[in-house]
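The data blocks that follow each hold one structure.
Each of the next two complexes has chain A plus one more chain, namely chain B in the first and chain C in the second.
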Partner chain A sequence: MKTKIKNQNKQNKGASQWNIAWRRFKRNKTALTGAFIIGFVLFLAAFDTLIAPYEPNEIPAFYTGEARTPPSSKYLFGTDNIGHDVFSQVVYGARSALYVGFGAAGIAMAIATIVGLISGYYGGIVDNILMRVTEIFLVIPFLLILLVFLKVITAVAPSGVGGLSMVTLMIGLFSWSSNARIIRGEVLRVKQQEYVEAAKTLGASRIRIVFRHILPNVLHIIIVLTTLLIATSILVEAGVSFLGFGDPNAITWGQQLQKASEAVKQAWWEGIFPGLFITLLVLGFSLLGNGLRDALDPRLRE
Partner chain B sequence: MVKKILEIENLKTYFYTWAGIVKAVDGVDIDVNEGETLGLVGESGSGKSVTALSIINIVPSPGKIVEGKIIYKGRNLLEKNENDLQKIRGKEISYIFQDPATSLNPVFSIADQLMEVIRRHQNVTKTEALQKAIELFRLVEIPDPEIKIWNYPHQLSGGMKQRMAVARALSCEPKLLLADEPTTNLDVTIQAQILQLMKSLKKKMGMSMVLITHDMGVVADVADRITVLYAGRVCETADTKTIFYKPKHPYTIALLTAVPSLALRRDKLAVIPGTIPNLIEPPSGCRFHPRCEYAKSICAEKIPSLEEIEPKHFVACHRALEIDIKSPLGVEKTAL
Partner chain C sequence: MGRYLVRRMLYLIPLFFGILIIVFAATRMAGDPVRLMTTLNPYITEEARNNLIRYYGLDQPLYVQFFIYLSQLFQGDLGNSYAIRGGLEVTTLIGYYIGPTILLQIASILLALVIAIPIGIYSAKRRYSKLDMTVTTTSLVGTCIPVFYMGIIAILIFGYFLGWFPAGGLITQVTETRGYFLGNQILDILWHMFIPTAVLTFAILAPIVLLVRSSMLEILKQDYILAARASGLSERAVVYKHALRNALIPVVTYIGIYFGGMLAGAPITETVFNWPGVGRLFVEATTKLDFPVIMGITVLITIMTLVANLITDLTYGYIDPRIRVE
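What follows is the complex of A and B.
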């Protein structure tokens, strides 16, 4: 009997909103392009040791006197002035970019979701307090405070603390506020829906209503915002590194850009390739985010 | 002696808006006997839904129950805490909403939504809950329940959705069902089907029902007794026949006159002049007096109390015994 029900379960599963969204997503060429780009970078990050011909800190060109040579068949993207292989560094940079992107967006969206849900559902004084805190975070000049914090932490903290994780954490902690407001707004809308009231009439507890009835109905917004925030976080990390506030020992595209900036005229290849990859990955996440928004928007029914 | 399952005494539910205090329900007395269907009738804004929401204490903010007693099976529900109320909602007292399209959660399959309620109130495993859910689907006469149950709300028609909502409300065999205009958003044939279904299920399960509607035809068909509400107050309570054939309150009479009828052969639809009053500053005295053609000076001065003018026939009107008008429907046995 049990297995029979399970089988029926599989056969008869109706088209959920997620199924419909997936069908719509599959038809969206730009979104698929975005997904493909991200897939490509994920592939680089996953198999970086196999793909990159040299270790990230190896300086093969130094010994052969080929430092700062343009792209060739030996060094695909050329070499920098110390003798690093730019291609290897770009490949290893993929993992850092994804780490920062997913890490920072994950932290920020976790805060934004919790704040948005609580603020939107409970309303009243709780909402008031949380929204004022959110506004404080909104008015802080984001990049400036980030730079100050990073400077202070690297100055105060013992060596070893800091690095890429600290940059990620800081970006996460300072970029949740606007998304929290968006989620709150959406929760306010969903809260008014009759099915939430219906859940109440059927004896559902508050926590159950928030997590089982409201959260799934705002999840599409959260997914889209996360995707777009990943793109922003990657950009911010690159910016911070470029300005010299990142972790100088980390292999990131931003760091490569910063080092390359010293010799843009002599060695264009040092900067252009990491720059290209930043652009490509950010574009990928933006396209994916926009595609997801179109696919998940409940107002667009086929 | 019939046992009363629900007694509402002097219920006052106010909404504290920025424009002022809206007295949506202002001293309502209602009782429901075991096994009967009470029709709650009135215009939009007369406080029908707010009364029903007050019963299970889920009046949306900024609304608040200010005063009164809601006695369900001898216990005052207003004295219970949220935790106890959650155990009563859905299990003992259930609610059916007006619009099935919005009262079902769009992101879950019907099976999930039914099982959620069953597992909330009954100690059963997932498989058992699913079995019960399919049983319920059979009960509300949905074809191929094993297949249809895995559908999502948007894949079902309006009538099916309301059947599903009925199934969800009945999943734990409640003793009292509050149905808030359950058929208003359905077309007429489906409406008849759903009403028929609710009637038969009510009998089968031996529950009581409060049916909220503004459709006199619906209450005539389903209700045993009727309470007429106007602007947050009870006008008249009596059994269905009395309300239709021997109404005493001018508002009840006006409502009946407004029912389109083929038998009466009128050229124009009758309307009640004016609109429902502003409930922030309701009219003094009897709230219906500005629209009432029988109003006298006393009507504007004194609030009429709900008097039992005949056995089990309650009317709140100063002039109930003076005015003598025939029901617009004529004497009993006339076709509606």
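What follows is the complex of A and C.
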């Protein structure tokens, strides 16, 4: 009897939730464009030392008197005032952007998921307390606090402790609140479903219900939110770096824009290219997020 | 309604305190502003340093500092700056800088609303038309461009290449020889406002267009719209009288939430355009670890955000009678 059911399950696996989603995703042109853009930047980040013609700290144009020259066949994106090759700098920036994006979104979504699951499933006073804390993080002027924390941390530990990881951690710690609320709302909806009731009646433990029955059914929301949050985190990091609160030792697009903004008039190429890549990568994640939403939401299915 | 308002406001108090504690903890976590202030002075003695620390009350335990700050806050006193403009009162300092910030933000939000709502409606009515595709693509890309990048490009094009508008600042300085634009102070400010307002408007515009469009599409599928059409109302009346009102609810929420966000984003926008607002003041204060100014601006922006949220809540009931304010 048991084996028979198992076999049946195996046969039915052909059209699982994820299979249907994948099929819909493949047909979604915007999502594929997004995936392609992200793939391109991932490629840049993975092979940056091979693609970039110069080392991160190399100043080839300095010795030849070609500092701050416009794009040419020798320097694809031109050179900056010190003599860096802007193209190489942009290539090296890809890794930082992806690191911050995935890192910060990962941290924030981990918190958001845990808070959302607990708050939505347990309800009552636990929900009440968690939601009040969430509200504080929702209303708090995010960027201002971020700047203060980053400044204070670099003031305490001038070397080492700060850095790109600290920026990533801080962005993550302050950007989970709205997503926690959305996940909670979704958990509240799923909690009412018959299959959860059935699992309860069968005597499943709370942990089992939360992780085996509720989490898989809110997972599509979590995936979409994560993708969109990666885009936001990249934007936030660029903004923080632009203000000069980022990691001075890392090569980031935001920092290149900051340096460029001091001399837009003399050298437009210094800022145009890093900014273009920020926009491109953020667009990639936004497109992918929107595409995933269409593909994964069971309610949108025809 | 009155009771609801009171309850809402009571509810905001713990929220406010929570935020206050976080900001306070952040500023005092490590900072020794006195050391920062005096690093450039090689002659200062350890004793003078300690005197300064005592003068600012930084030697007290943290909770004492917090209660002193609170009691002053309730008297409307935000303390004195440590490092900006010779230790000016924070309230006076904010008074100098808040005007330009409000001017720029309000102008941009209003402009964005006026432009975005008709575009969103039009786009929704002609779904999948060429124009709709252009609008949605432009808006989507618009939400992905960092505001400061947009600003740099606008400054580059309009400020330098074309030279139509000044690249930064609020007003022509006395030191500049050319004098006010057309010799008028107000015209001069408007002239300076052009690039920042245009960029900010576009940045706010993009998400609102997408929001109005999707919300309108949702509403136009509703039964009561079908009913309105069936009863022979003109398309105009259906869209503007029946659908628009409900389609605007998400927009109200958006404005409510993002009003705070936009103010908090002021450091970035104001730095790009060299705009003398609280955002740039905040950046300056943070670099100098000027705690009273940092706290003051954060408190101000938090209060403004909370008030914006409250107004949003109250507006719901007005726009959509189905949402009862209870």
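Keep this in mind: the second predicted complex is superposed on the first by the 289 of 302 C-alpha atoms of A that agree within 3 Å, B and C clash if a C-alpha of one lies under 4 Å from a C-alpha of the other, contacts with A are read in each partner's own complex, and residues count from 1 in each chain.
Basically, contacts are C-beta pairs under 8 Å (C-beta built on N, C-alpha and C of every residue); 3 or more make two chains touch, one makes a residue touch a chain.
Note that the structure is predicted; figures quoted are calculated from it, not measured.
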Fit or clash - chain C, chain B, common chain A: fit
Partner chain in contact with A:16 - chain B first, chain C second, else both or neither: first
Chain B versus chain C as contact partner of A:25, first or second or both or neither: neither
Contacts of A:205 with chain B and chain C, given as first, second, both or neither: first
First, second, both or neither for A:40, with chain B first and chain C second: neither
Chain A residues touched - chain C or chain B, whichever exceeds: C
Inter-centroid angle chain B-chain A-chain C after superposition on A [Cα, multiple of 10°]: 100
Partner chain(s) touched by A:62 [first = chain B, second = chain C, both, neither]: neither
Which of chain B and chain C A:122 touches, first, second, both or neither: neither
Contacts of A:194 with chain B and chain C, given as first, second, both or neither: first
Chain B versus chain C as contact partner of A:102, first or second or both or neither: neither
After superposition on chain A, the shortest CA separation from chain B to chain C (Å): 14
Overlapping contact positions on chain A, where the chain C interface meets the chain B interface: none
Chain B contact footprint on chain A (complex, rising order): 1-2, 5, 8-9, 12-17, 123, 193-195, 197-205, 212-213, 216-217, 219, 298
Residues of chain B touching chain A in the complex: 56, 58, 60-61, 86-91, 94-95, 97, 99, 102-109, 116-117, 120-121, 127, 130, 146-147, 149-152, 154-155, 165, 168-169, 178
Touch list for chain C against partner chain A, complex: 14-15, 18-19, 22-23, 26-27, 29-32, 36, 140-141, 143-149, 152-153, 155-156, 160, 167, 260-261, 263-265, 267-268, 271-272, 282-283, 286-287, 289, 294, 297-298, 301-302, 305-306, 309
Of all residues in chain A, those that touch chain C in their complex: 132-133, 135-136, 139-145, 147-149, 151-153, 155-156, 231, 235, 238-239, 242-245, 254, 257, 260-261, 264-265, 268, 271-272, 275, 278-279, 282-283, 286-287, 290
